[in-house]
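The following blocks contain the structures, represented as structure tokens.
First chain A sits with chain B, and in the next complex the same chain sits with chain C.
Then we have the complex of A and B:
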């Protein structure tokens, strides 16, 4: 299948390379430091297991988003700058198939990060509450967010056609989406903070993690936030489709 | 008429705390039992009882914020019958080492002075945790394993280029 061929090509060029794989080495080192810090620090080690699990879940999701944004920024702009876009267009693959193949490779990135994170989730959450359900939520919502941000970044990359500019915009988007982590709980409870939380898919995800892992609330309680994330999913895929359809040599 | 300047007001209520002293390790969970006794001939209604903790370690004397120690700081007691008692529980997680005193305070809006129990002495020993939750095999092993895969990929690539 042509999409699978594009996906394999992307995986070979971006993931199965020393430069690409170094992301995963860094990921595991950071997660090792965080896990050890959480579990041995004289104050943090006595945090509730649920809270530690929640914090690690947020970090893993943020990492998945970041990697998706960076990968997406290079997706089309990188091909243009390397002069390989023409060859890609001349091949018997449609633009949509190219986009899906590249998105598949971006998701493969996320899948590898999630696989690397699983042992850390188990060791941090061991003996605590809602470990398995928390892992299920991070896998599902993390995948949705990886698609959202990768698709958006790829769409932007196809419009901007410059890796540097694409990366700059995606980093600003990452800071904006990651704002909930930097703001205090009190700031997020203001009317403006609540609006930001409501329209931000990443905030929806971390509030869901909080609700499931710490407050043990069920799926019905998460319906609104999950619906918002699904809405963004459709929007980002539509944006990618529109952007790629306008792509020309 | 109530005498606001008096240091010792006759009160219908007394409070006690158990156990009178504890020695434990950091991370342990303990439970204080507070006993509120109504010595009067009338029922006592809507009293509030809460636990307080103060650090009495030499050089670190200060009141403690119980947010991380105890989820159950204040209890509202709806009624204690005449000459009856109420026993409340205050589970606590010992999150830092040192010497502390814990006591129960009871507030009755019909009295001018809150009633405190005698202090319970608490000694928490510091525990050094080198490998909590068996984190070390994962924290060290996984980066090493992924690093080895990384080196294998780099080696294969270099071989292909040659």
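Then we have the complex of A and C:
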């Protein structure tokens, strides 16, 4: 119950503010532009709907990761810098309860982004194959990735206790996570590209989307990549728990 | 005894912040905890309020072991930290309501109104905290520290940076809480005026060790509080 109140406070502080709201406006604007281009641009509109859906899914997931990282970077370091952490620690609340409340708020953020994205997914993927299964995958794997990157960023935030440093590191992590997107198809087939694809949870997610939406492959084909994402999920939660348990004023 | 501290040691990366601290505080005291900057006052409060752990030693708060029963301790104590931040986007009422939800014992809306009245903020309870003056924020901080009706209240430099009226308001509030509410007050400060006006017992800490402890009136018989403080905290006074 205490966790619910902390989560409510976090949602009010980080989401229901002009700054928090701007993420949603940004999401809507970018998705609107992307969808418009997909449907009207003479070259892009030649892509089949599976391809369009896949690209929108990648974008939504990447945005979820980015928002999770930014939110997480402020979670503990921000409270320490603003001097509000000590009052929270004086209350009979465990550090784990505080972390769960903050993580819950980060997931609420992701849920809102996903909800905003749904109409765009339907518009772009309408009439194409695998629309519903694609949405299910982006909801499930996107949630896993939102937890992974938020938890990792929060853990880091509780260790470095500086929003600026925390943001710098999380930005670097975001670039690492997005690295497969910057590699060409040939580069991704090299040993480096393959390792990066294998160890990068974001790459695992987008390869799964590709496999599900474009190649129409079943769950059995995705097991290995999903297992890697689940591994990261457990690792990130362990990292958050360990980091927060060590947090001292 | 509401506080009993025995041989408390705390080190940070090789630096000894508390070096075998021993003292006790009785129920109903306004206990002044004096010391120069860096003497170990804030570290002591953080350990006594179960925010941080010590490396060794024993601390009992009203019979509860701080290290083994931190949640029991947090339910009966509270504190106003030296650099207390606020959720400035909340109103005073929302701020207190949020903290009241973090305790097992429920606090009604009426009790929150009463608390704000106690600290003189009831007319501004619907205003955003960001519009408050420093003195008002300190009073709100005290109200937050009273949300669980603590038996023991720690105040860390509560009058720092306040104008004379703000200081007087805090003094009056502390006296009221102690006399009418029966709350034991642990007042950490380096402002000797505050100590003389408020405290019945004091301890002076220097380099993480208590160098003087006793009844304020008795100590004053041996010289002014200022002289005692400077003699006790002089390099090598130990």
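Please note the rule applied: the second predicted complex is superposed on the first by the 249 of 249 C-alpha atoms of A that agree within 3 Å, B and C clash if a C-alpha of one lies under 4 Å from a C-alpha of the other, contacts with A are read in each partner's own complex, and residues count from 1 in each chain.
Throughout what follows, a contact is a pair of C-beta atoms (placed from the backbone, for glycine too) under 8 Å apart; a residue touches a chain by one contact, two chains touch by 3 or more.
Computed from a prediction, not measured in an experiment: that's the story for all the values here.
> After superposition on the shared chain, which partner residues are touched by A:9: those of chain B (first), chain C (second), both, or neither?
Only chain C; A:9 stays clear of chain B.
> Looking at A:238 after the superposition, I want to know if it touches chain B, chain C, both of them or none. Which is it: first, second, both, neither?
neither
> A:17 in the overlay: touching chain B, chain C, both, or neither? Say first, second, both or neither.
It touches chain B and chain C both.
> Now for A:86: first (chain B), second (chain C), both, or neither, which partner does it touch?
Second partner only, chain C.
> Have a look at where A:40 lands relative to chain B and chain C in the superposition and call it first, second, both or neither.
first
> State which residues of chain A lie in both footprints, the one left by chain B and the one left by chain C.
On chain A, the residues that contact chain B in one structure and chain C in the other are 17.
> Which residues, counting only chain A, touch chain C once they are in their complex?
1-2, 5-6, 9, 12-13, 17, 79, 82-94, 248-249
> Okay, in this complex, where on chain A does chain B touch?
16-18, 21-22, 24-25, 28-29, 31-33, 35-36, 39-40, 42-43, 45-47, 116, 119-120, 123-124, 126-127
> Within the complex, which stretch of chain B touches chain A?
Those residues of chain B that touch chain A are 26-27, 68, 93, 95-97, 126, 129-130, 132-136, 138-140, 142-143, 146-147, 149-150, 153-154, 157.
> Please output the residues of chain C touching chain A within their complex, sorted ascending.
For chain C paired with chain A, touching residues are 46, 49, 51-52, 71, 74-75, 78-79, 81, 83-87, 89, 98-99, 101-104, 141, 144-145.
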